[in-house]
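A short write-up of the structure that comes next.
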């Protein structure tokens, strides 16, 4: 028992280290408690006898009425609004009321995540839910999990490992997100597309998917041109400078394709400064991704034209997978693609903003 | 080359932007000779040495060495070392965080591997031969400055040098250490080494040297055999004018005639620098001094008065009223000024201009929100540059590019500008030329005659005897005696320092 | 005749070369000439109206004034910190995030709808107090505990953004008030970006402070020789500490500009790497990074030179993740030309050249 608390505490203190700021006051208390307890952890470790209760749990995990224990490894919720929403969604789903006992570990670093995973395996959780920081390096630890009879479910991000090592992978299809957006743009029927393309951090899955579709289209169509294609590294300030630079140079453009909402906001700030109109029926089409609530409100006000969703609400999918596995059902497919929408400023409703805004 | 000459420098020229440092200077050194290189600050001694050791490249001229047919090219200190020219500088140029042995052997090994044990053993042997009280594996920074200096000499000696340059080696040594060094120099001389000895101490020149070469304003004045050049003539050659003998300054000693009240009194004063509590007082218009060997605590006493070290006990009174002095600013506000012993570390603010250095203390006293106007600052600077005859290109020149004596004058100007009632001068004449020394001594007496109280510390006893009317003698961080009037003789001072009359 | 003339010219150049402000001026000229040669339209400035219908100036030069001002303001504080402590504060980016977060927290609170709940001036003053406190924290570590400035400020560099996020409960508040956008944009009717005015105000205050107080003399004296300064009645600990507090004030101003630009904040990217630009500005200004003498105007000019470089690189579509590499090249160049060995070689070369001319 002691050992288990220890691991949980460690996991939380990992979170605390990467976090220091928390999204709710109850969590702040939890963090403080964890930090306190972490100090004692070292002493407790030595005397860590595996309690009988824990063994019983490990052998008969699915007994009805008992909580299903999940270890959740996620990226730092501070990273972005998307991640914050994702984390909040997880926290809301894996509660005792829903029949779960959840432990969380946060890190943006792969090696720290792997350490956390090993702790969870030692701790004999029933399921390991993983959003990996990096795609590689997971084989051996997932093998360990499998040997220990722990079900691994990937969410949000895929990894380079054999499919046999995990039960399911719940991901966004970034390529599809890009295609949906590009198709929407093509439907606007402009005579000529002069696009400022602002990219995310180069090499990230989201950047690759969202860039790929646009690159393909620009290569294929004569009237699609890239005025500039630059990475702003998800940073609104850099996006503003990139667009400012294009405006200063006097080059014509009529589309801003920003790979997330923050960068679209930076771009719009530059447009506003130079009195270039944007939005529905205006000079420049503004496109963003991720469906932040404030971004959708811009859509509602018709200041922006399009926002592609990158669905952070994966907990219900995971819940469904776990329920199926617990009931002994077969999963139809290993890779579960999230439903993702693209919102058009002309058709978006207030309900959409409330429901899908993050 | 002349027979038995080991070094000949001919027609050496060297200029720096705006300054002609050396102009057609010749210099000859024979085997087994100790040759004094004399001149005032800025005469070109250091430049000549630096040309010889490869620190500077000469603009013109040739250097011949024994055993080389053609003039040798010395482009770096390494070249000089390889040619058998070793130097010990005035400022320690060793690495304080290495051991004594490492310092003696650093940069010399031809092989990549070092036999540490052998190195330490060799070093210990040399140290023992030279009677230097240091161990090979001791960290250099743990040694006193004097011992560090001797280690530097040991390093040079051990490099089988033909030419040994000693640039002000004695300025931080006490007398017994100086004697030891002279013994060592005579040994080397007997072994045929040519020694160039640069110093400000005239006594020392006449004690060990065979020949003297005098420089003035970057030009050669002449080379003399020591017997042919009595002291007075040497000083005259250096200054380019006949100087009243130094002994005379006491004659023009005007004495302060006003009421002699205690300006400053201390009772049981003690700082955290390791001195025993001491009592002290000074009267208006009095010049007194702390004397004792290096490390006897004489500097620590005046630092305690100025609160330069943390004061841990004692009462102080200013003009009979008890005051609290816990930091230098308190002392300054009470009209006390302190010219520190280590000019480079505690005195000058190197990159700042002469002007800023002069006004600094007065400015701090005046307050953060009341800076002197540019015109005021300039006026002060010009006034004191003129008053103290500070040799500087302009008031804007960074103080670090001035010669030592002129730097000292700037620091003196800084404190005079605060118009102190009580001026403490800790080694104001160390490492500066004879002309400036006398100027400073005269100034001290003049200030005292005008009612300023002065405490004067110097390693040169005769200098203190000439200026002070009362001496406080220190030994082992404790006040052991006080001498005044008839007691003020060289032998009495020595006796008290040595503790001969204690039993 | 011509020989004489060129010799005189070389004398003048040598004089200028010795002046500290020469480096940023030369860099500025170099960049200017480069742009003039490649595309003179770089210097075009046009007057238009912004989306609110007020006149604004646009053009690359205006962009440089606009964005360079942030670094310029930080360069003031960074110059003082460098001069007094002989080290640099690498936490300014993170403390800008904290200052910005404080402003937003006070302006709109958490979970608000973006309308103002307090006057902007109150929020700004609160941010000033908070960032000066954080500056004081750094200052205590450096001045009292004698920790290397870069190591001491590493603490806030690491933790600052998390603290910023914590201040707003990890939310991303958005200000809807129009007036708030003026600080990072334009004040209606004035066609020059406000950040430039804020920078000018900061510079004027600094110059007045340097003229009417002894800040400059004390800071330099402490930076050059702390031991000697103490014996002249100064308190080196206090002066070092003070420089960090002043930098904190500069940070608060930049926090205001940064949050105003987008009316919101992103804790992990706001003012990212700005500390490096500020330090580079100090170095470009010819100030020794080891402390001592300083020239604030040179640092400020250096800040605009850096933005000039950044804007030029953006213009040439250099990928923004490659920008640090170019800045690194500038740093290397600076370090090399200010190295004593190179200086000596250069002056020797100059002398030789002069001699040859005299012979000719």
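A, B and C label the chains in the order they appear, each numbered from 1.
What we mean here is this: contacts are C-beta pairs under 8 Å (C-beta built on N, C-alpha and C of every residue); 3 or more make two chains touch, one makes a residue touch a chain.
What you see is a predicted model, and the numbers here were worked out from it, not measured in a lab.
Just to be sure I understand the contacts, which chains border both chain C and chain B?
In this structure, no chain contacts chain C and also chain B.
Please indicate which chain is farthest from chain C, where distance is taken between mean Cα coordinates of the chains.
Checked the centroid distances; the maximum from chain C is B.
Of all the chains, which has the CA centre nearest the overall CA centre?
C
Counting C-beta pairs in contact, pick out the pair of chains that comes out on top.
A-C
Taking the mean of the C-alpha atoms as each chain's centre, how many Å separate chain B from chain C?
Going by mean C-alpha positions, chain B sits 44 Å from chain C.
With chain centres taken as the means of their Cα atoms, state the distance from chain A to chain C in Å.
The separation of the two C-alpha centroids amounts to 35 Å.
Just curious, how far off is chain B from chain A if you go by their C-alpha centres, in Å?
71
Enumerate the residues of chain B that touch no fewer than two other chains.
none
Where on chain B is chain C touching in the complex?
It is residues 306, 308, 327-329, 332, 338, 340, 345-352, 356, 360-361, 363-365, 367-369, 371, 414 of chain B that touch chain C.
So in the complex, the part of chain A that touches chain C is made up of which residues?
19-25, 77-81, 84, 201-202, 228, 230-238, 240-242, 244-245, 247-250, 262, 265-266, 269, 271-277, 292, 294
Per the contact definition, I'd like the list of chain C residues that touch chain A in the complex.
41, 44, 48-51, 53, 56, 58-60, 62-63, 67, 159, 161-167, 169-172, 174, 185-186, 258, 261-262, 264, 266-272, 310-311, 314-315, 317, 319-321
Show which residues of chain C lie in contact with chain B when the two form their complex.
Interface residues on chain C, with respect to chain B: 211-215, 217-218, 220-221, 224-225, 227-235, 292-293.
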